[in-house]
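Report on the structure given below.
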Amino acid sequence: MGVGETIGLIHDGDSVTLSGVSMVRAPMAFVKEIVKAKRKELSIIDREPGIDFDILIGAGAVKRVRFAMLGLELLGLAPNFRRAAEQGEIEYLETTCGAITNGLRAGAMGMPFVPVKGIIGTDLLPLHEKKGTWRVIDDPFSGEKIVAVKAIIPDVAVIHVQKADKFGNASIEGARFEDVYKAKSAKTLIITAEEIVDTKYFVGHPERNTIPYFYTAAVVHVPKGAYPTACYNYYPPDYGFVKNYVSMCRAGRFDEFIERWLRGEEDEN
Amino acid sequence: MGVGETIGLIHDGDSVTLSGVSMVRAPMAFVKEIVKAKRKELSIIDREPGIDFDILIGAGAVKRVRFAMLGLELLGLAPNFRRAAEQGEIEYLETTCGAITNGLRAGAMGMPFVPVKGIIGTDLLPLHEKKGTWRVIDDPFSGEKIVAVKAIIPDVAVIHVQKADKFGNASIEGARFEDVYKAKSAKTLIITAEEIVDTKYFVGHPERNTIPYFYTAAVVHVPKGAYPTACYNYYPPDYGFVKNYVSMCRAGRFDEFIERWLRGEEDEN
Amino acid sequence: MKIKIADIMIKAMAQTLADGDTVLHGLGSPLPAIAMHLAKASHAPDLVFFPVSEGLDPNPDRYRLRLSSADPDHFVGAKAVIELIETFDLASKGKLTAMFLGGAQIDSRGNTNLTCIGDYQRPKIKLPGGAATSFLTPLVKKLILWTTHHSKRVFVDRLNFLTGLGYEEGKDKEVTIITDKAVFMVEKGYLVLKSVHKDVSVKDVVENMSFAPIVGKYGVTTTPTSEDMVLIRNIDPDGIRFSEFEG
Amino acid sequence: MKIKIADIMIKAMAQTLADGDTVLHGLGSPLPAIAMHLAKASHAPDLVFFPVSEGLDPNPDRYRLRLSSADPDHFVGAKAVIELIETFDLASKGKLTAMFLGGAQIDSRGNTNLTCIGDYQRPKIKLPGGAATSFLTPLVKKLILWTTHHSKRVFVDRLNFLTGLGYEEGKDKEVTIITDKAVFMVEKGYLVLKSVHKDVSVKDVVENMSFAPIVGKYGVTTTPTSEDMVLIRNIDPDGIRFSEFEG
């Protein structure tokens, strides 16, 4: 199955979360398919996304974005996100890492919400109370105020992993971020993998199996599927790519970037 | 450090949880030390304990027991627990696996409580409401009734693992049960290990490190530390031992069993 | 070798499971464990098998029944560790479709008591406890209860303690009860006889219950085929499945 | 090679950490990452080092600073994966003792804004967002804020958005602010000047703030030793620590 064949699992208007953070293990090959397929009105959700979300926003695929931080670290602000936010082109809901990670974990655990410490006293709280994503409740045991964070259950999670078997048993090597929780909370899970391995790879090494097959709706073999973001044990982030992206965006050449990228001309090799 | 040297970390009246379930990976060598040291008034907590808890109860170390199931599976009821419960010698609070596991996980996550589905309508609910361990609350988002299970934070967790380094990085092989949550929720964590390995064992294989060192108060090398319960990759349960235990208890010979066991005469080899 | 009641119960248990079911068994569950193997080896190859020993989909070729259902020998060769709490998370999400649970007392609605005989505070018999019963019985779509001691002591008018919920009005939940004499289902809040085991009379079934089940159209419980028996005996060459029937 | 302001800030950051501290740094945090290495290599060998790249206690001998703080190269040779959420769990238990966070705007109580310049709904500048700030600032015992742009734009009278909490009355919480000119602490709700960096005047510090900090007894910020500089340059041979000062 090619990565393009799974795009039917994502529909206009879906809420979508993607693996990785910043310039690490974002499912970029799948992001490209979303742009190619001209999906619209997506709600995209992630803790600390970067170029993946910025491209989707720039390409007009996004109605709503929920994030704790969305930028390119030392390489600057995310140009399309910034413009779209400042010009009112998208809805956005800023959250905080402790809330979004726990919201995804609540989804994975099948809990309707979880109580999360901190947060009270910040300006994020009234925003989320208004949106219905958080509520201040009394701890029924101590009586103390605490923020109840509603479970986050995305329609689709796309998780890029190092290795998977054809059944969808998947192995994340190195940092996992919230990817296991995303995988287990989402209604539909798509795995893209650097390598397809035989199930024997997991037998006797069950600790390698970070996402067991029964969560997975589709698994696709996509070497360099995270490029230009990094894939531990396979390739580093291509900082040059991201720098060039920022320059082109700043020069008003995002459309040109997208055309070249969709044709594969921005990718190395 | 010998296993006996860590017994000072457990005090009369402490709440204590032990690793494993039933006849698997209970920290029996440590249980023996508790009995030797004549600890009293312990509150012992576990999902599905077996002979470990039954011995502690028989030895008079226990004031209170909290469990979802306490028995010896096909080998019968737990003789000391049963007698102590029926004759009012101990306090006991029966819980259900989904509540006790989630209570321990809430402790590990630093949440004061978690909402747990199910349970409502059973006779366990009023028992726990009275004890203050559960409360029925309204989900602040859906308005539905749900059981809030208070976090379980034992004073001490004793976890028997296959391998650990001298710093307390610990590797549970095979089934983990709630042991990782127990380790992370308890105020004091004692690791007993079949083997002490060099830290290099974990380097490049971080997935082996199920309990990182910073949780661990003490780590002790105890080969056969789970015997007569099983330790995956090391030894199976000794069903004969448990059968003999049951026979001796039924014959009113528990004290004799304990004396022989403390002297090492009940253990194989 | 003769087919025994244990084998008939295993077959009946296996038949409650459909392909694609996600199924958990707990401690002290030799019959369910064999039934899950049997279902997966026959009509339900895509059954997801969660054993309390936490090794996903244990390999029947090397699985041998033990006196503890959590025996780590059942873990050997596992391709994933599924912590019990993960199956509970699935249950909370409505994705654990079936669970096998025992019942020391069972009432006419399929409610169960596994907690105590007599009063909770000062019981006549303190039973081992309900394990996951209180948590899971409201959450699974298929609840399969079993007892190896079909008797008035088990089938009671009134439970001493309500550990597990059977029938729940308005809920998509199938409650099956498999005993050493018969198979029942709970329909609209009543225990309905579905089949009696070979060589068991309906009279024997009904007279050994403290309440009257609904007896309408019923059949004879399917007897395991010789193929089934090969699998059952391979999984349990030591006959551990019979130990529950003692005492 | 000259000691630069980045190096002085790193040394000041390292000095906020004590042996046994459990410390997290997030994305876009080159100075804190080096500071954590420096503290652990000198006065705080038992510091527990949680990098956003999730490899516990990264080995300084092979660590090279990268443009992303989550670069998986930082994970190589890790002895444990500590998911970010696990450090949050520690924070919720009061066991994450220190955290480094930035501030696009900082007020006189050490409150921070990382969300937006102007109105949240229609901002003049949409900043990347506070990341863990709102969650962690009320939970850690040591909050170390930093800015590489000490200016009236950063030190404001009134934040456009309250992303992070600084001083909180009655709480055991130490708030330190390290800039490219000076080091402050928040005491009883006021920003108190603790030290100015070598070659920086107090006038330069105070005139570049929209409010007046408390200036009493203060010192000169400790300059890194040559030993410190060897470590800093080994961790960051490419000078990535300077990139935050651009623009």
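Per-chain numbering from 1; labels A, B, C and D assigned in written order.
Rule of thumb we're sticking to: contacts are C-beta pairs under 8 Å (C-beta built on N, C-alpha and C of every residue); 3 or more make two chains touch, one makes a residue touch a chain.
For clarity, every value in this text was computed on a predicted model and none was experimentally measured.
*Asks:* For subunit C and subunit D, what is the smallest step count along a path of chains that touch one another?
*Replies:* Tracing touching chains, the least step count from subunit C to subunit D comes to 2.
*Asks:* Count the C-beta pairs in contact for B-D and for A-D, then report the pair with the higher count.
*Replies:* Taking the two pairs in turn, the one with more contacts turns out to be A-D.
*Asks:* Among the chains, which is located farthest from subunit A on the basis of C-alpha centroids?
*Replies:* Farthest by centroid: C.
*Asks:* Using mean C-alpha positions as chain centres, tell me how far subunit A is from subunit C in Å, no decimals.
*Replies:* 41
*Asks:* List the centre-to-centre spacing of subunit A and subunit D in whole Å, with centres computed as mean CA coordinates.
*Replies:* 27
*Asks:* At least two other chains touched by the same residue of subunit C: list those residues.
*Replies:* 55, 78, 81, 88, 91-92
*Asks:* Quick check: what residues of subunit A touch more than one other chain, meaning two or more?
*Replies:* 109-111, 116-117, 174, 206-207
*Asks:* What is the shape of the graph in which nodes denote protein chains and edges denote touching chain pairs (line, ring, star, complete, other)?
*Replies:* Drawn as a graph, the chains match no named shape, so other.
*Asks:* Could you please write down every pair of chains that are in touch?
*Replies:* A-B, A-C, A-D, B-C, B-D
*Asks:* Please give the residue numbers of subunit A that touch subunit B in the complex, ascending.
*Replies:* Those residues of subunit A that touch subunit B are 109-117, 132, 135, 137, 139-142, 144, 146, 148, 150, 174, 206-208.
*Asks:* Considering only the defined contacts, which subunit B positions touch subunit D in the complex?
*Replies:* Residue list for subunit B touching subunit D: 108-111, 169, 184, 199, 202-204, 206-207, 209, 212, 214.
*Asks:* Give every residue of subunit D touching subunit B within the complex, in rising order.
*Replies:* Listed in rising order, the residues are 22, 48, 55-56, 77-82, 88-94.
*Asks:* For subunit C, which residues count as touching subunit B in their complex?
*Replies:* Interface residues on the subunit C side: 26-28, 30, 52-55, 66-73, 75, 78, 81, 83-85, 88, 91-92, 115, 120, 122-139, 161-165, 168, 240, 243-244, 247.
*Asks:* Of all residues in subunit B, which touch subunit C in the complex?
*Replies:* 21-25, 47-48, 67-71, 73-78, 81-82, 85-86, 88, 92, 94, 96-99, 101-102, 105, 116-124, 127, 174-178, 181, 230-233, 236-237, 239
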